[in-house]
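Listed after this line are the structures, all set down as structure tokens.
Next come two complexes, and both contain chain A; in the first it sits with chain B, in the second with chain C.
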Partner chain A sequence: MSAYTAFVRSGFLTSLAYRSEVWANIFGKLVQVFARVAIWLAVYAGVTAVDGISIGDMITYALLGGVVMGATRYDRIIRHVGTALKTGDVAVWLLKPVHYPLYLLSIEAGASAYTFLLAVVPTIVIVALVYGMHPPASLFHGVMFAAYCGLSFIIHFLCAAIFGVLAFWLMTIFSLEWLLQSLISLLSGLLIPFWFFPEPFGSIASHQPLAWLVYYPSAVWLGRLDIGQTLLYFGFGIAWAGLLTLALTLLWRRAASRITVHGG
Partner chain B sequence: MQHTLGTLLLLVSMYIKSQMEYRGAFWLDRLAQIVSYGAVLLGMWILLQKFDLLGGWNWPELALLFSFQLLAYALGASASFTQLRDLEDLVRLGTLDALLTKPINTWAYLIFSGLNIGYAGHIILAIPVLVWALLAAQVQWSLFTAMFFAASLISAMLVTGAVITMIGATAMIWVRSNHLFSIFFGFWELTRYPLNIFPGGIQAVMLTIVPLGYISAVPVAVLLDKPVPLLGDFAWLAALLAGPVLTLIAIAHWRYAMSRYQGAGG
Partner chain C sequence: MTPLIEARGVSKRFRQHKRFPGLLGAFKTLVTTEYTEVTAVNDISFDIAAGEAVGYLGPNGAGKSTMIKMMTGILVPSDGTLSVLGRTPHLERMANARQIGVVFGQRSQLWWDLPLIDSFTLHQRIYDIPLTRYQDNLKRFSELLDLKPFLDRAVRQLSLGQRMRAEIVMSLLHDPKILFLDEPTIGLDVVAKDAVRRFLAEINRERGVTIILTTHDLQDIETICPRLIMVDHAKLIFDGQLGKLRSALGSARRLTLEFATDPGPVVLSTATLTNDDGLIKHYLLEREEVSLVQILSEVGSTRDLKDVALHEPNIEEVIRTFYQRRNTASATTP
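Then we have the complex of A and B:
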């Protein structure tokens, strides 16, 4: 366990070493969050509420999207696997007394913690000061938002790691990265919440695992889910995380055996 | 001159041949890019199904903006992005020193030896959407608009290439430049939307310091006869001049960066 804690620390410190990139990322994110808010202001065009959702709710939703998606980077996880595969480092990891997917999780947790503290929080504070942001619907919703954020990180990581491990068969990460990007942009609720999707696509989209990345954490903060629903969908999210963990474990076992067959 | 052109053509053909060695992976990558940009377009469509207008622009007009941006970017970036993104590694590892000794212009060698045909996916998606959007958006066609459309697309392509070249060239001064690309892509994503929806500060930045407004928002607004913030009646002229002017600035910047290059690798 102490090895994984050290990897978390290493991920954090590695990010610290590339400070200029982090600051550039802050600036890039700031522009994107401003843009998302600007898009909602433009489509609402002075209308106070659409389908019971106020413009204030949508500005808060756009900012929360930045909070839950700003720190973790699926592309970083996929590229990590891709580089290890390309350089052959992955074979070295098989020799070490650590589980490679858990190592990836630890490194990403450290890097995400750094980005969250030094990039995401300042960005959101700046935009929230400019446009205003609703507080959580209740203390319960605020606490559950934090729990949903943790679940969002886990599901985000699992999806990225599964796509990364698929590179063992495809031998390229480029297409995997782009495919996951398209799925996340449309099906996480980052750009458009599912309550604005035409039916039945909204219902379908809100039951697939990527919905727990942005849509549910933000909906919980805004109080769109009552206490019972909040707990129920948290349970569904954990179930998805369990299924994805199982899928990653099976895929990793098969991938590791492929390396054994072709290596040497 | 003829010899140089022949060399450049040979470099391009060799690079294409090397890419086509992995034909399956190449087309899989293109398919993934088409799906990815298609998802963005689908997201815009879903939004417009609910809200009809975005900053006064309807669905066909936004599809025109999206496809114009994608095509201009693909054409400009194919002759700049990956090559100049990798310049940072060439500087850091010292590989650039070897290129400087070649009896050919360094910029031309870099660009043509890595002319990125991978942007085919962008173009395959952009052209049909552009054709549909031009028909559906009710552009008032005349000789002027037809000529403006072609010239502004070339200008937008030059803006893309020039901005990327300037960012990439800074690696020769600061050794690192890739963090600047993060900022570039932050603004680049905004070029899929009309300029008028953004706060005044972002509009001003996108027409001056990071002049990506000329990639799509300004020329498409002129085509659709929509008002352009800050530029007003001069928008058409600015859209046409942006490309050539920025290209000249990029050439000067590249030469300056080359003159400052001292080597960083060992």
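Then we have the complex of A and C:
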């Protein structure tokens, strides 16, 4: 395992090498979160609650989206995997006694930790001070929110890595990046929580894996799920993560064997 | 003793989908199932024993990198069997990886954004090198290749020569039994090339690390590798000591005869006249067994011979004439 913890560290340190990006990063995130908050303020103008959800809930929801989606960058992962496969640089990793997907996960964990500490936390603090933010519904919900955040990172990583490996066979890296971006904005709950979706779209949306990126972690914080549901959906999320891991492993094996048999 | 590396009739064929030019061609490319086959390595066999240093030489596209990739396990042979340290490399890639070191002159394995020393510590973690062993190796290698001044510098700020030295040091930190190098001296200046060569020769001699290196630079082979494997158009054309290359490939010696007075045309059966300047005449000696005495006796003592010079071709020349002959031969047989 020690090699992988070393990768986490170097992912963190590599981000540190681009220190100047921190300010751009904070600024970009501030704009995004303020934009989402502004939309909800406009929607709620003159109304105290919609479907039993107050403007305070929605501002908190918008902020939580920034917490869970602010650090991990699907575009960075897709580009990393995609270019390594397309340029053949991945051969270097086939020469080492490490598993490439695990290496990727470790690097990304380090990079995400860096962005989280240096860009996400300051942004959220600033916006929360300006608009106020609800605390978690209970201690249980607060703890489970942290667990859901971990799951969100894993599923986020798996989806992006799968898209990255697909770039080996399909399309350009850029178009896959764009496709995943659209899917995430619509299906993760980042822009609009599923409780505002008309049926049956709400039920469909809340059963696909991207829902665990933003929707479930935020819904748990807000106490929209009771204790039983919180645990149940955590289990579903783990099951999705397992399926996605399987898919990534199979795709990666195919790509690796294609590289070693056909030379890329 | 069983050899460390054993190649038996190894071949590699690449399939490439046919591509058609132009916009319409692009659509045709999408649906076509036609492909062209490129044979990169054709029926090559050799044995390499522990402690050897072997130079793998050949013109561009001869299949050198392909062979290295097969021996390191990142490419699967299409035909034949390959055994490295008793294993089939592509089937046991991970186990193999721990016992070999690989340097690609064209592809960096260092961590671009981190200080050089971080690449080395990561390597220590990846290969699980015992700490004292790692520190000893690092100290020794970085002294030999003079890396100390750059250890704290980010890799992207290193010059090509500094980086290549670092790549070589890293590839040796886990005490590999075999070191594969694909064009390790590419793009280096004379001084850096020399440092790398002397280092590799020393590693091979002192630590008994088996070295296989591809190169276009004969000097590399002269300094590091007593043994030379030469390939051309995917086929093995020579395997043996460098010194034997000339007789194996049979390159012509050059003879210059200088006369005090112009004797007119002098035709010899043992040598071919290539250039007649009157007083000075140049010949080519194509047959290996012809001796200077034979030639002189044929010239005879009646002519006013002033000086004789016989040029043994150097290895560069041998190889150049070999390639040229081969190219003209393949040009005339379509």
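Here, the second predicted complex is superposed on the first by the 261 of 264 C-alpha atoms of A that agree within 3 Å, B and C clash if a C-alpha of one lies under 4 Å from a C-alpha of the other, contacts with A are read in each partner's own complex, and residues count from 1 in each chain.
Everything below uses one rule, namely that contacts are C-beta pairs under 8 Å (C-beta built on N, C-alpha and C of every residue); 3 or more make two chains touch, one makes a residue touch a chain.
Not measured: the values here are computed from a predicted model.
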Partner chain in contact with A:F197 - chain B first, chain C second, else both or neither: first
First, second, both or neither for A:H156, with chain B first and chain C second: neither
Larger contact residue set on chain A - chain B or chain C: B
Which of chain B and chain C A:H80 touches, first, second, both or neither: neither
Which superposed partner A:A17 touches (first chain B, second chain C, both, neither): second
Chain B versus chain C as contact partner of A:F174, first or second or both or neither: first
Contacts of A:H141 with chain B and chain C, given as first, second, both or neither: neither
Interface residues of chain A shared between complexes with chain B and chain C: none
Parts of chain B lying in touch with chain A, wherever the complex brings them together: 22, 25, 28-29, 31-33, 35-40, 42-43, 46-47, 49-51, 53-55, 176, 178-180, 182-183, 185-187, 189-190, 193-194, 197-199, 202
Chain A residues within the chain C interface of the complex: 2-3, 5-7, 10, 13-14, 17-18, 88-89, 91-92, 94-98, 259-263
Residues of chain A defined as touching chain B within the complex: 20-21, 23-25, 27-32, 34-35, 38-39, 41-45, 50, 170-172, 174-179, 181-183, 185-186, 191-192, 196-198
Sites on chain C touched by chain A in the complex: 14-15, 66, 69, 72-76, 90, 93-95, 97-98, 102, 104, 107, 109, 111, 113-114, 118, 121-122, 125-128, 154
